[in-house]
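Once you scroll down, you'll see the structures, which are given as structure tokens.
Shared between the two complexes below is chain A, which pairs with chain B and chain C, respectively.
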Partner chain A sequence: MDYPLTVDIAFLLLAILAVVSGWRVFCTDSMVRASFFLLVSFIAVGVIMILLAAEYLGVAMFFMMAVEMMVMATFMVMFMMNPAGLNPMMMVHQHKFSIAAGVVIFVLLAGVALLAEFPTNPLPADLDPVTSLGNELLGDSMLIFESAGIVLLTTMIGVVVLSSHRGRYGGAHEGSMPPGLVPGGDPAGMPKEDEEEGGGHHHCH
Partner chain B sequence: MTLVTLLLLAAALIGIGFYGALSQQSFVMLMMGLELILNGVMLAAVAFWALSGAGAPEGQLLTIVVMAVMAIEMAMGFALVVAVFRTKQADVTEGITELKH
Partner chain C sequence: MIVSELLLPVFVVLATLAVGAYLVGVIDGAIGAALGAPRGQSAWLAPLTQGAWLLTQQANTTEAPDWRAWRLAPALYLALAATGLAVVPWSPTLIPTDLTTSVVLWGSVEALATVVIFLHGWSANTLLALIGAYRYVALGLSYILISMFVLIGVALPAESLQFSQVVASQAEMWNVIRQPLGLPLFLIVGLGMTFWGPFNLADSRDLAGGTASAVSGPPRLVWNLARAAMLVAFSGVAASAFLGGWLGPWLPGPLWMVIKMLVVLAVLLLIGRLVPRVQPERCVTLMWVVLLPLSFIDLIWAGMEALL
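Right after this comes the complex of A and B.
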């Protein structure tokens, strides 16, 4: 499929933008700036998707990544040292190995892209990508789509469980202990310690 | 804009993401590397859909699934960062070496 020259130029610029901003993510001093570089990289890829006629996916990418990177920047400010990039920062380990691994992955994938023979089947002229995606999501592939929704719900529950710092009866890392029925009293619903030691006849372990 | 150039761009994004995920000490920066990998995967899926798959709707569906994976990875990653920070006061991967055993 032949694209007009303007599309090719736009693709070239966006590709350079995506790669350069993706690389800058890991060598900027400020962690907040790093998350915005990642956002730029995602938006460039989203525009390329729109150039490829996948309008819904490209725009969904914008919305999702805008929100996601805001959350990421918030976490950067909350947790990380040096969020504003006031000091030089290079927090890496196994640096040479990582560079080598990244280059090897790129060379392998680029080799596949250059050497493999892929069929050339461009989009049909009368295809409406959004309609076809909608028909697929609520038609043949509805089970997959719904499964993704269920997995997202499970994730929400898991996230609340993991990040909640207290259980029902106190700190999650201290073990559960129900509160007393009167202020400062013994834990409710549990036999007293001496009763448990003395009367071992009515319960078995 | 051909399939080969699109796949090369996807390969570059995946390579950079791999480097980031392996090299960064901070948990959140590590997750950024994983996000870049998924970014490249989505681009490759859309490129195959548009130029090699004759617009089969499953190609777009695959991209949607990868997007859901990305959201799950973000949410679970941040929850784990919060949980680890709360118990160990650690925000770099070196802080939790005891988990090895």
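Right after this comes the complex of A and C.
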């Protein structure tokens, strides 16, 4: 293969960016920032895919991850006890287990990269990756991809329905009532109900 | 080789960015003056004066903003506008980036713009900016979907995801006639994505400026510039996708592009001055109930035409 030296330099810079921003995901203290650090990491991987001549998959990575991370950030802020994602919070938990899992997965992937035998048969130079990908997705494998897509969509809708039934402040069918500041205390941030009848009108006089 | 493959494309994009954003200010001022807005100085000088004034102002600060994101967001929005302009073909040979998936790259610019606009409002750590940011996220998804269906429509007759092929496929008939729903829908998306005129819901007056409510000085200048530049990028994409790009008699291709982009810009800015702002709740309904089904019809129309 011959390609200019700039491709190598670009690959190294993008790989460093992907790893560093991936590492920053776990160091930051905000869910919104963590989502967007992950987005930066994925964009760097997308550009590497374009360098590998996967022009459709690389560009698809940009818009899919942009929307996905935006939706993920919004959902995390909605479902967690962190108004608007502005309060600092710890982004990591189960330290021992996650460190062990990380080490095992790294060793496995590194083993695959070092030990696997990759195919070496070069493809014809005039092969159009976009066309062949389209034929693959919408040709013989169409049924598999479409059923997987429908199953994923159903799962997403089901998860939202199940989890939004009971929200932060109680059941969805009841009125929203924030929890008290002390256990068993009055709802936080709720003004005291007026005692007298027709209290809503008295301030007009 | 370096000149033709690196310097010329960068120069074309930067020049279009700067001149285009300035012309947006000029045309908008001229339309405003023609419609009876209070007239200050000449329309040619007003954008420059305003830019110079912003440049000399102090950059505002809020309580505990996310500094890096807050300062980066306007620059990133400008960079996205530049990326969008980079895929616009000026002639069969003068194309800054002739990626085979340039239509999809433009779709990614729209998707990433949602992230950047959200970040601009979120990182300021103030109430009205945050409301503007979440408002844009709620609307941005529908803009992206409408734009995607409309652009798949123009990719169908070209049988390619490349803007140069899309332009070449319009040699017999422009897409604005072949797919009559496409251009109006795309212009609405353009106004929505740059939150301009009737769809200015992220930076609107009812939020005292929305995501830009706490921004002043040079960052504000970059933000205003980026919005105008994104409008220019939109007009470039609209001209190539629907108005036949460089195609046209007598004049050279790039000149036709300039004329078509200016026409699209004038139409967008005129709508921006004439149509009142849509209420956010109604805008969501309008997008999902009216315009998204219309974009489905546009796509079915394009598909039937490609089959026949």
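Observations on the structure shown:
The working rule: the second predicted complex is superposed on the first by the 129 of 205 C-alpha atoms of A that agree within 3 Å, B and C clash if a C-alpha of one lies under 4 Å from a C-alpha of the other, contacts with A are read in each partner's own complex, and residues count from 1 in each chain.
Throughout what follows, contacts are C-beta pairs under 8 Å (C-beta built on N, C-alpha and C of every residue); 3 or more make two chains touch, one makes a residue touch a chain.
Just so you know, these numbers come straight off a predicted model, no measurement behind them.
Looking at the shared chain after the overlay, A:Ser98 reaches chain B, while chain C stays out of its contact range. Of the two partner chains placed by the overlay, neither chain B nor chain C lies in contact with A:Thr6.
When the two complexes are overlaid on their common chain A, residue A:Ala60 makes contact with chain B and with chain C alike.
Shared-chain residue A:Thr120: touches chain B; no touch with chain C.
In the superposition on chain A, contact is made by A:Trp23 with chain B only, not with chain C. In the superposed three-chain model, the partner touching more residues of chain A is B, compared with the other of chain B and chain C.
Under the contact criterion defined above, the residues of chain A that touch both chain B in one complex and chain C in the other are 56, 60, 71. The residues of chain C lying in touch with chain A in their complex are 66, 69, 99-101, 104-105, 107-108, 110-112, 114-115, 118-119, 122, 125, 130, 134, 137, 140-141, 144, 161. Chain A meets chain C in the complex at residues 30, 32-33, 36, 39, 55-56, 59-60, 62-63, 66-67, 69-71, 73-74, 84-86, 128, 130.
On the chain A side of its complex with chain B, the touching residues are 1, 3, 7-8, 11, 15, 18-19, 22-23, 25-26, 31, 34-35, 38, 41-42, 45, 48-49, 51-54, 56-57, 60-61, 64, 68, 71-72, 75-76, 79-81, 91-95, 97-99, 101-103, 105-106, 109-110, 112-114, 118-124, 127, 129, 132-133, 135-137, 141, 144-145, 148, 151-152, 155-156, 158-159, 162-163, 165, 173. Those residues of chain B lying in contact with chain A across their complex are 1, 3-20, 22-26, 28-29, 31-33, 35-36, 39, 42-43, 46-55, 57-58, 60-61, 63-65, 67-68, 70-72, 74-76, 78-83, 85-87, 91-94.
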